[in-house]
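Each chain carries a letter (A, B, C, D and E) given by its place in the written order, and its residues are counted from 1.
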Amino acid sequence: MTENPYLPRRAKIESIKQETTGERIIKTFAVVIEDQAYRERFQHKPGQCAMLGINGVGESMISIASSPTNKEFLNFSVMKLGKVTSAIHELEAGDLITIRGPYGNNFPLDEWYQKNIITIGGGIGQAPLRSIIQYVLDKKGEFGGLDIIYGARTTADLCYREDHFQTEQSVFWQRRNVRVHLSIDVPEAGWDRFVGVVPDNLLRLKPSPENAIAITCGPPVMIKFVIKNLLALGFKDEQIYTTLENRMKCGIGKCGRCNVGSFYVCKDGPVFSYARLKNLPEKG
Amino acid sequence: MKLGVYICHCGVNIKANVNVAKLTKFAEQLPRVRVARDYLYMCSEPGQQLIKKDIEEHGLDRVVVAACSPRMHEITFRKALRSAGLNPHCLEIANIREQCSWVHEDRMKATQKAQKLLAAAVSKAALLEPLEEKEVEVTPAALVVGGGIAGIQAALDIADTGYKVYLVEKEPSIGGHMIQLDKTFPTLDCSACILTPKMADVGNHPNIELFSYSEVVAVKGFVGNFEVTIKKKPRYIDETKCNACGQCAQYCSIEVPDSFNLNLSKRKCIYIPFPQSVPACYVIDPDHCRYLLTRDCTQCLEVCKQGTNAIDFTQKEELVEVKVGTIVIATGYDLFDVTTKPEYGYHLYDNVITGLEFERLSNASGPTTGEIIINGKKPKDVVFIQCVGSRDKTVGNEYCSRVCCMYTAKQAHLVREKLPQATITVFYMDVRAFGKGFEEFYDRVKQEGVKYRRGNPSEVYRRGDRLVVKAEDTLQGELVEVEADLVVLASGIIPNKQTAQIASLLKLSQSPDRFLLEAHPKLRPVDSASDGIFLAGCCQGPKDIPDSVAQASAAAAKSLIPLSTGKVIIQALTSFVQESDCRGCGFCVEACPFDAIELREVKRGRRVLEVASVNEVLCKGCGVCASVCLSGAIQQKSFADRQILSMVAALGEEYA
Amino acid sequence: MLKKFDPNIMAFLCNWCSYAGADLTGTSHFHYPPNLKAIRVMCTGRINPLMVAAAFRHGADGVLISGCHPGECHYMEGNYLARRKIFVFRNLLEFVGINPERLQMSWVSASEGKKFSNVVKEITEKIKKLGPLTTFDE
Amino acid sequence: MDKEKLVNEAKAVFSREDVACLIGYGKDSIGFRVSPIFIRTRDEADQLFFSPLCSLSLVNYLTLEKGVLLEGNKETGGEKIAIVARGCDSRALIQLFAERGIPREQVVILGVPCRGTIDLKKIEGKFPDARNCTEVTEAEGMYYIRFDNESHEVPKEELLADHCKHCAFPNPLVYDVLLEDLVDSKGAAYSDIEEMEKMALEERHEYWKDKFARCLRCYACRNACPLCYCDDCILERVSPQWVNRSVNLSENLMFHLARSYHLAGRCAGCGECERVCPVNLPLMLLNRKLEKDIKNIFEYTAGSNLDDKPLFASFNPKDPNDFIF
Amino acid sequence: MEHFLLEKNRLNEFLSALRNYEVFAPVRKVGLTVFELITNPKEAMLDLKNQPQSPKRVIFPQSEILLVFDKNNAAKEPKGRVGQKPQVVFGVRPCDARGFHMLDPVFEREYPDPYYLQKRQSTLLVGFHCSEPYPNCFCTSVGGNPSSPEGLDILLTDLGEQYFLEVITSKGEQVAKEGAAVLSSPTSQQQTEKEKLSGMAPQKIRRTIDTEGIASKIEKHFDHSLWRELSGKCISCGICTYTCPTCHCFDIQDERVRGRANRLRIWDSCMFPEYTLHASGHNPRPTRTERLKNRMYHKFKQNIDLYGVPGCVGCGRCITLCPENVDLVANLKVIKNL
């Protein structure tokens, strides 16, 4: 008989980092799959997700926030929202969690050789982008420039703050055309970077569409305006990518609920080029 | 989430019947538990230290103590948590002593039960939320409602401590019923003589603002921050000018029954209730004054113009707002209406009088200057009937009025003193002489030749020019008829007729006897169920003078607590509303015994909806609201549905 | 071998009267069967009959709700409100064929330690006679 | 009922009041079926009709989707909803008004005195092949049924919906327009409940076990109920989880105990829960059992008086006490 | 495949002969016909007219344990899933048999679902030629036929005193072998009779809709205001989806009662608002309009995209059982005429 796709594997939480202290708390978990065979089989690509779970509580589909180039552990940034994510937030380093996956499609990195990458993220939406950012940084020779545009409501809501600040200030990365553009929605004392919503920051920065790929992820309304602005900046449909998020239960295209048009986000997504997305009847 | 579990041996109290070692092992494997320890006395200093150390070292988020009842040491352990930097409400106690080791003999079964109790506590603990105990500032002033002895005492005690007191009395003078009394039992001091100095103190006290001839008409707010509206009735006399010279009354041509003397005499239409009135200020009876009714008499006005010119017919009813932190209710009592017992003939015969009427009759300042004269004659045979309107189901008063036995004895004594030849008979059901010096006084009166006959008279009727009291003497077992020319009915005490009104004004409850209900009959006898409102004197139930004074001082002391600390702590176990779940049906508003919930408008999309909103200061944390909410929107902190359900689920599992 | 039926009884006790009364039972060392396990609530008025149903579903064979005597509620009327709800819910239980005796209510004051132990004994006996509640087994 | 009068009154409502939508009954295209229809303009009112086939209650549409209909008609700007309401519906409306589920002034009630309605399952069972132009009228205890050029007479008792048999409130208790003369009402009768009560406890247990085991938990009973209108039903929440998602006897029983308890002192007796049930659960027995007890013991009738305090937010010191130790 | 004849009065013997199987058949329970495991052939209710629920639940139960958690919360597959006795479902309507055909690719493709597939593979479907369709049947409009053997292993046709028994699959052949003792060969006359009945069957279907081009219409008019009108009556209950032979949506929940902790899958319904509700509170399908539209989209567009056929077998249950008369066929016609 074939393998039971619902059977999760145990993974150990190596470390936990609380990313945000705002209204919505986000923690990033570094986990390592216990079973060696499964660990080796678990080969993900940027953009993919996995089912994290706690036996007896439930499962939740979470984007993988680390790059496959990181062989030590997998990162998951989890926002405390429902029953399962709340329970995950209660866990401590050393605790066990369950995992199955990886699920879904991924960014077509092979097609992006030597292209300039622009990531445009908002809030927890930076999690799947972090996977590709780390990947591009690790394989810098394969890509052109990297512009990381990221914003949150307040500084307390910014994820991966230290990472971003470090990259921003690093002369090493500046020389290699890696730029970080952070923003917050409302002014705060001591913030000398952009204040305003992410789509506005994008318009201000005016990245060139030439030889570029723009990837955006964030709240639905942000994505909507980012795409609008990208098109206004001259990006073609095929140059724009986003990841969708729907409620999921099975992760394997059977339970039905995550469909967008005729696609299941869990298995046919979450990555959609705008060329594909714009033909879908529902847009979340 | 990291939990610590602490299991107490309580010497041998728990250990003897519960396998503590097994319980500790069991605790270790419960979900989220990081540390589980047992100790000889968890409540001891080293025991608490154990908990504190773990909180600091392991970074525990929640603590479960399995020990004695939370009613014993919840506060102790909360303090320990607080001192270790953990919110004191992150504590759950499993009661394995009072409700386990002490009540079960089978050690194995007791241990099994302890496991369940512990598992339930652990599962609830994981869901506990840190709670804040909020504080509100207190207005440093008190309101005392009622200017009888209780109100006077409470007002003086509070004012003497240095706080502002607003004293509201509905009559033109303070003094209450006590000022009407002659002598007091059992010591026979003159009532007015001991009261008037206190009344004068009230009048002169810099911290007391007296609102006589006034009523409280509205109370808003809550403990620490009440807003009170007082209605001042017009006296038609300027209080600041009147020097009580009395000229006006001499010129006033209208005479009306004197209510202070229970209508046994007359007074003028412009009057001072009694000579020692406080404030010492005249008042015009608006129901009879010719000027006010028909404007055809200005006698008093004219004479006063020549003096202090205090009369002011332009006075209007006035509403005054005051802010206070606490309220003492001392609205006193009314007398039982003896006409509801027609068999005693009060309404037919002039020589059937009430106890209070006797007081005026016997009082040197009364209508007869203290001589006991009825219908122009000194009575030869006097009969007292006790328990008129008390302990009487037929009139709906099952309670004992507590003062009638003794005031009857006192009055019998006064009759004996003033009419040495008279025969005196007292009809009684039981003589309740329970107070200090009471029994001795009762003995003395009996020895003075007062005849006590046990029996409840059935009828008082006229035979010739005399009255006959008919009763069954239940000791002798015979029907007796006693002739009398004065019958005194020891009318009982009933709640002030305005009690229901006061209760609804202040959201207080009444007990079945219609007196105001105290928060707890034993432990909180002067508190009302509403925080910051205290009860003194007969509004809470029949009392004699010393009891009223004692309760008044107690109420004053209680009401001084928030005033002197300057803040009140709002207990943390209040209800709270998850607004997005609330459908605004108002069931909780209707169910709340404390009117602590109101509906508030919020916008949801295009619609303006109402949602419930809890006033945490008024909320007492009973959780009644949460149980009537259909959408689960209103919950009680630390007793939320999910927390209670988690305990239910844990108690339902079987543990090895 | 048939296991002897040892009923699981859950109780909801109000903090001020019945929980205190149960504590007094302990301090007085009156014994009662260990089948009953108490959950403390501030007032019986807090209890939603659905908690009773939940107790049955989670394995209770019987449920006791105990509070202050009428007129003695710490919160003035919580026990009256509880009584009405529990009365209706008992009727509902009976109507769907669950013996209403499985849901008991008592008034136990803080001073009635003896009464509490008697109530527990009596309810335990009753539930033992009724046998396990199997309706919610599935 | 006289269709013309209904239509004219409905049109008059549109002329008189600021109505965004009128919810009434319309004939469905097939068989005996009647559908709720939503009339938005005066002219559409011609589609309205009323007959003994109108067994469904329309009141739940007032609160559906957070009262979406109440948001008014963006085109016409109307703010009120008009609704055709029978006796039981009017009770539901009173209860809704009392619970502030919807403001009275936002509803225009076209009251219909009701002689009882037909159980669709019964009439479809009798005439499964009826397709077109079905029409049912009532006279003297008989239903006169016409369809596909056939006509039949059936005694009323055979087709009457069960909950209508015991109806004590055939006349609307609240209305703005009364569409017909009031009809006689019989007063409450609970013979069915009393029968059930006579059964042995075990017998009743078996009866309900069999029933509840069939429940699909489709939530139609809840969704059709005019008084189940929480945006987010607590019985579907996961924290606290009163009822698990599993569909089995235990969870189904939890669900139905909770559902009927939540309707105690609130159920208007419209019978929707029972009518919509795809597995024929006699849910009105539960509702009516509670209604009966509450009426007899607490002298309380849901949806009869706007000013009544909620049943469980009030008490009488003399409430039954003899079941308590 | 082979044809047999089964005397009606020997049907019970035939069923009894299937002792190696667990036999599911329609039984009458509390006024309702449902498919259940029978122990006595006499329990079977062969009234095909009254099946408000399809036999879907025999293979895809409404609640099914996926995983069992032990004391240490380790996940295990439930016992008894492997090595089950083979099952026979007796009395299946041809439309419902096609329903399984619709479910198969969902559970087979990409991530094969062992729970469904094991049961599916060990279950044999014995169907009946449907001679008396429901008033709301429209199977012929969605590629079905009242006498279609599609999805069945054995098809019976009622000839009055006998059943004409057609073996459709090799699985069916096995059953025919086990019951061979009570089977005989049909005469050619009976063969003709059977064919005549099959030929007549489609005419008995009274509701029809030409589904040609519906998919593109749904897509084209996805944002049309008409959807709002179509969904006005809907009360968001789960009747249409729970009685549908092709609906397969499910929820996965961990439940813990009395120490028993399981991960279950439980039917879910796209008609419920919670179905797509994000934990954040955002709901991509917040109203009945989006949900009803999605259901029709799924059945008549997505299913065609994914599997080449509409995800509907025309059994008509969703129409018959809808308490508010939301009529799929009528709605399709509205869309079609846009």
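In this section, a residue touches a chain if its C-beta (ideal position, glycine included) is under 8 Å from a C-beta of that chain, and two chains touch if they have at least 3 such contacts.
No experiment lies behind these values; they were computed from the predicted model shown.
The minimal number of chain-to-chain contact steps leading from subunit B to subunit D is 1.
With contact taken as defined at the outset, subunit C and subunit D are each touched by B, E. When you average the Cα atoms of each chain and compare centres, the chain farthest from subunit A turns out to be B. As a whole-number value, the distance joining the C-alpha centres of subunit D and subunit E reads 32 Å. With centres defined as mean CA coordinates, subunit E is found 40 Å away from subunit A. The centroid of the Cα atoms in subunit A and the matching centroid in subunit D are 49 Å apart.
For subunit B, the set of residues that touch two or more other chains comprises 591, 627-628, 641, 645, 649, 652-654.
Across the assembly, subunit E contributes residues 251, 253, 256-258 that each touch 2 or more other chains. The set of subunit A residues that touch two or more partner chains comprises 82. On the subunit E side of its complex with subunit B, the touching residues are 256-259. Contact residues of subunit A toward subunit B in the complex are 90-92.
Those residues of subunit A that touch subunit E in the complex are listed here as 1-2, 4-8, 10, 54-60, 79, 81-82, 85, 98, 220, 245-247, 249-250, 252-257, 259, 261-262, 267, 281-282, 284. Residues of subunit E touching subunit A in their complex: 66-67, 69, 73-75, 77, 82, 106-107, 109-115, 118, 219, 222-223, 248-254, 256, 261, 263, 265, 268, 270, 275-280, 282, 284-285, 290, 294, 297-298, 301-302, 305-306.
Per the touch definition, subunit C reaches subunit D in the complex via residues 49-50, 53-54, 57, 66, 70-71, 77, 80-81, 83-85, 87-100, 104-108, 115, 119, 122, 135-138.
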